[in-house]
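The two complexes that follow have chain A in common; it is paired with chain B in the first and with chain C in the second.
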Partner chain A sequence: MTTFANYLDTVLFAVFPYVAMVLFLVGTIHRYRSESFTYSSLSSQLLENKQHFWAVVPFHYGIITVLTGHIVAFLIPRQFLLFNSKPLRLYILEVSALIFGITTLVSLLAIIARRFTDPRVRVVTTKADWFLYGMLLLQVFCGVYVAIFYRWGSAWFAASASPYLWSLLKLRPEIAVIAAMPFAVKLHIVNAWLVIAFFPFTRLVHILVVPNQYLFRKRQVVRWYRRPQMARS
Partner chain B sequence: MDVRSQISMVFHLDKCIGCHTCSIACKNIWTDRKGTEYMWWNNVETKPGTGYPTRWEDQEKYSGGWELKGGRLELRSTSKSKIVFNIFHNPHMPSMDDYYEPWTYDYGNLFNAPEGCDQPTAKPISLVNGKYLDIDAGPNWDDDLGGSRVYAANDPNLEGMNEEQRAQLAAVERLVMFYFPRICNHCLNPACVAACPSGAMYKRGEDGIVLVDQKRCRAWRACVAACPYKKVFYNWQTGKSEKCILCFPRLETGQAPACFHSCVGRIRYLGILLYDAERIEEIAKSSDENLIDAHRSIILDPYDPQVIEGARANGIHDSVIEAAQKSPVYLWVKLWKLALPPHIEFRTLPMLFYVPPMSPVMAQKDGDIISHTSDDLFHDIDQARLPMQYLARLFGAGHDGKVRYALRKQKAVRAYRRWLTVGDISEATVDRMLREADTTRDEVEAIYRLTSLCTFEDRFVIPPMYREEAIEMLQDPMEAKQSAGFGFMEGPSRGL
Partner chain C sequence: MMSNTYRRALLVAATVTLITASARAADEAATYFRQNCMSCHTIGGGRLVGPDLKDVTQRRDKGWLQKFVANPKSYLDGGDPYVAKLKEDARGAVMPNIAGIDEARALALLEMIERESKLPKSQFAGLNIGDQPFTPSDIANGRAIILGEKHLANGGPACVSCHSVDNISILGGGKLAPDLTKVFERMRGRKNLASWLQAPATPTMRPLFANQSMTNDEITQLVAYLETTARKPQQTGDTATLSFFFLGLGGCVLGFIGADTVWRKRLRGVRKPLIEEARRGDR
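Presenting the complex of A and B:
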């Protein structure tokens, strides 16, 4: 039994992440090159305009904040731990992270309810969307559950998950710490890799095409078929 | 001077009969696809009325167009910094309920209904979700005022009008009306292009047609909110914005756009205007009362040697310059000053101009007798059923000077022709009218000819575009036969 559990841990935490990363890379690039027409999130704001605001806006602010927290703790774990060395800072960080996490969870439920109940919006919801919402709901629910029942995640994440992720990047996966984690944490991690694996095949690709040039470009855009010689006096 | 050419348009509202042939021509060619059923790239509104989408002119609600903020020109709907916060949910985007939910009918029921006591009916079915639908709005719901004053009373242009002026509208037969056909204005300072976060919207350099690059559009919806005329539409099925393309495939092959070609009242004119692209921003910043003059001043004289030289330097072909010299739009807008831009206070510098309509003369109803009152030669301009204030809101940014000028000149044309054909006006009176309307016999004759006797070639002066030749060199057009054209180059279906 223990050998089977070990075997499963190796597959889920040392093999599957690489499968997910390869799928992510190949999938996003291939889809961008072959199907750029659908490389966006199919907005349903035209079809339903009121619930849209209350569901979509808090969800985005919530998920962006929480995700940023994860990424920062992964990139600079040492500084993160140092920051948390004073209890007050740790409490503030932990509480605000939990608030954003719960915001994300509630608004995600609102998004799903809107998709389900509005007859017009339901029409533009694909199977891939439902699958994605299922994955996201599981992910956010696990995250909030972990935050509540296994407190001080902002501290232990930097000490355990961050080294694990770095070991994956260095192609020497060390899964001992992860293997000892409670089930909810493990589920959160495996599901995260699942989301990454399916990323290219869902509406999530819109994250990669956020309009970053807009802030810097000129207001008006003119395209010429043949650019004339701009010989101006 | 940065001379560019622009395909521009004039709609002569005095000739529009509100038949919607233009709308149908456009619909059949371009917007009969799934996701576009609710779109009318060309629509004809009854004015006064709320329009499509409902109350589109009310920028307190929709925040379209530009506004002057401390001497700077800013989009009402989104600034560069606001765009970050508005990207998840656009606060000014109209919903489908502001347009209408498109439907068809359950015709099958007429044949398949089981035998019963009642006639079977064809119930309406939503074209969005295929379910039965209770129709509470539709295209041209308030056409011809929809049989009541309710719709007209909600017209945003009535704001600021006093009771007397409102009463003027409703004096006889309860209300007066005229038709207001609308397509994309292909503006010089398009708000939709400026708002597009992806840079998918653009103006074609050669002819100024404003288009949406379907591949680069990422459904951020900023264009729909930014266009003050609400002429960019969101296709809910493909997740792309779409708009009037001025039938560029037709223009490129020398044909007039479908709505122009099919116009029964021959109200539409199309031609090239040369303009100075360097001055766009400066012009768009003019004060409200100067906007129309400023807008006219950006249009260049195609006979001016300096302009011709500048045009050639910018790669504008001689045949295009020649077309600009023959352009009917130049006559209406610049020389005769009869055609006015719609709602220029939105500051997008529209390149579609309207000749304001003459309305029936104000009359007093005394019992069953309707009597006219007149002394002044131009009495029917101020005593017209349509208050000047109303037309000024539509075509003069709230100032009536330019509208009055255009109406007086039209009135003079009528009097002149009446003197020639009916002969119940004296020559002296006509000459006085021409003088007072700032016109001459020659000009009036030309206006009359272009209004009433215009041929197809007079109305549409389309230069050869050379784009089609350049494209042909790259690709055999027969290759795409039956595979592209009216269909999708790449499928819109998403997900697994």
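Presenting the complex of A and C:
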């Protein structure tokens, strides 16, 4: 039993990540070159506008903030731990992260409900979309669960998960710490690799082609052509 | 034909290589002992969870010990009376199979233990914290280390990242790892707890502290604080998790209300009112 568990841990945390990374790299490049037109997350705002505001918009605020937190803690773990060395700062960081985490979870549920209930949006939802929503729901649920029940994630992520991720990048995986983590944490990690593996085959590719220049461009003026004299005469 | 000088040079080179190689092996054995064995064993410092290993090779055959250390699990299930005695002395605690051990390493460890046993005071004699009461400043420093307010000298993360202790602050400590309020009792006192902290041996803590171990002062202060928390009556109930959850949920609700307020004009039409206006004008 122990040997099987060890074997499984090695496969899931030391082998699968590389499979996922290769799939991600090869898949995204291939799709960009061969099917550039599909490289997007087709907007459904035109089809349904009211629920959209309560689902897709907060989801993006939530997920972008939470993901940024993960990436920063991965890149500069030591500074992260130093920031957390005053309990008040740790609490402020953790509560803010949880707020964004719960926002992500609630709005993801709203996204799924909207996709399911609105007939026009449902028609344009593909099987890959449903699969992606399933993975994301599991991922966000696990994340919020871990944040609440295995606190303080921001501190132990920097201390234990960050070195694991770096060890993968250095091609010398060290999985002992991860292997000893609770089930929910392990599920969150494995599912993250799963999302990365399927990334090129889903609408997630839009992350790679976000039109960032839109944030800085000049406003476009869109005018209604009234022809006032004719209309009023 | 080799010249004499050449032969001599070769001999010196070989000796030097041999000496440095064995010194490196000894170093490695000491490091391995520090990271994996020291939390349960001393050499000449008395028993912890496991027996004192001073002169262990005189108490039991070296070949047998080598096999036992390499794979204790296989012996613990057998009916060996010596192993049964060990188990009884340790009050049921058994030696696990240690990561990275094999018979060669076990032999290196036993040789290192033999050398250390001959010394007047081994480096693995354990941290000797006396029976004197701790000073209030020790206790306060211990608390500060746990909270992370006082940084560990060698860079280990703060205890509160993963552990809770007593009601150390409003939202409590971490919940990933066991609560430390009563750890002083669980580890049965100062000496065991201090030795354990010198080289924490759990899978999660070992990699964190293997290369950034705590100093003796820090360990003393931690033990001081944990001794006081163990003596206080146990607090019941975990309100921190619930408060944390409701803070998160409340913030989320406020965020949604805020978004609704900021973008309250979001559904104001552009096209429809213009068309209506145009139509009104037509009439």
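Assume the second predicted complex is superposed on the first by the 212 of 233 C-alpha atoms of A that agree within 3 Å, B and C clash if a C-alpha of one lies under 4 Å from a C-alpha of the other, contacts with A are read in each partner's own complex, and residues count from 1 in each chain.
As a working rule, a contact is a pair of C-beta atoms (placed from the backbone, for glycine too) under 8 Å apart; a residue touches a chain by one contact, two chains touch by 3 or more.
A quick note: this is a predicted structure, and the numbers were derived from the prediction, not measured.
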item	value
First (chain B), second (chain C), both or neither touched by A:49	both
Touched partner set for A:57, first chain B, second chain C, both or neither	both
Which superposed partner A:131 touches (first chain B, second chain C, both, neither)	first
Contacts of A:120 with chain B and chain C, given as first, second, both or neither	first
Touched partner set for A:81, first chain B, second chain C, both or neither	second
A:163 touches, of chain B and chain C: first, second, both or neither?	second
First, second, both or neither for A:98, with chain B first and chain C second	second
Touched partner set for A:35, first chain B, second chain C, both or neither	first
Chain B and chain C footprints on chain A, overlapping residues	49-50, 53, 57, 224, 226, 231-232
Residue ranges of chain C touching chain A (in the complex, touch as defined)	99, 147-149, 151, 155, 157-158, 160-162, 169-171, 173-176, 202-204, 206-208, 241, 244-245, 247-249, 251-252, 255-256, 259, 263, 266-267, 270-271, 274, 278, 281-282
Complex contact set, residues of chain B against chain A	1-2, 80-81, 83-84, 87-91, 93-97, 101, 126, 128-131, 189-190, 193-194, 196-199, 201-206, 214-215, 217-221, 224, 234, 236-239, 280, 310, 313-316, 467, 470, 488-496
Contact set on chain A toward chain C in their complex	49-50, 53-54, 57-58, 78, 81-82, 84-87, 90-91, 94-96, 98-99, 101-103, 106, 147-153, 155-156, 158-160, 163, 174, 176-177, 179-182, 185, 224, 226, 231-232
Footprint of chain B on chain A - complex, ascending	35-50, 52-53, 56-57, 60, 119-120, 122-124, 126-129, 131, 201-203, 206, 209-211, 213-215, 217, 219-233
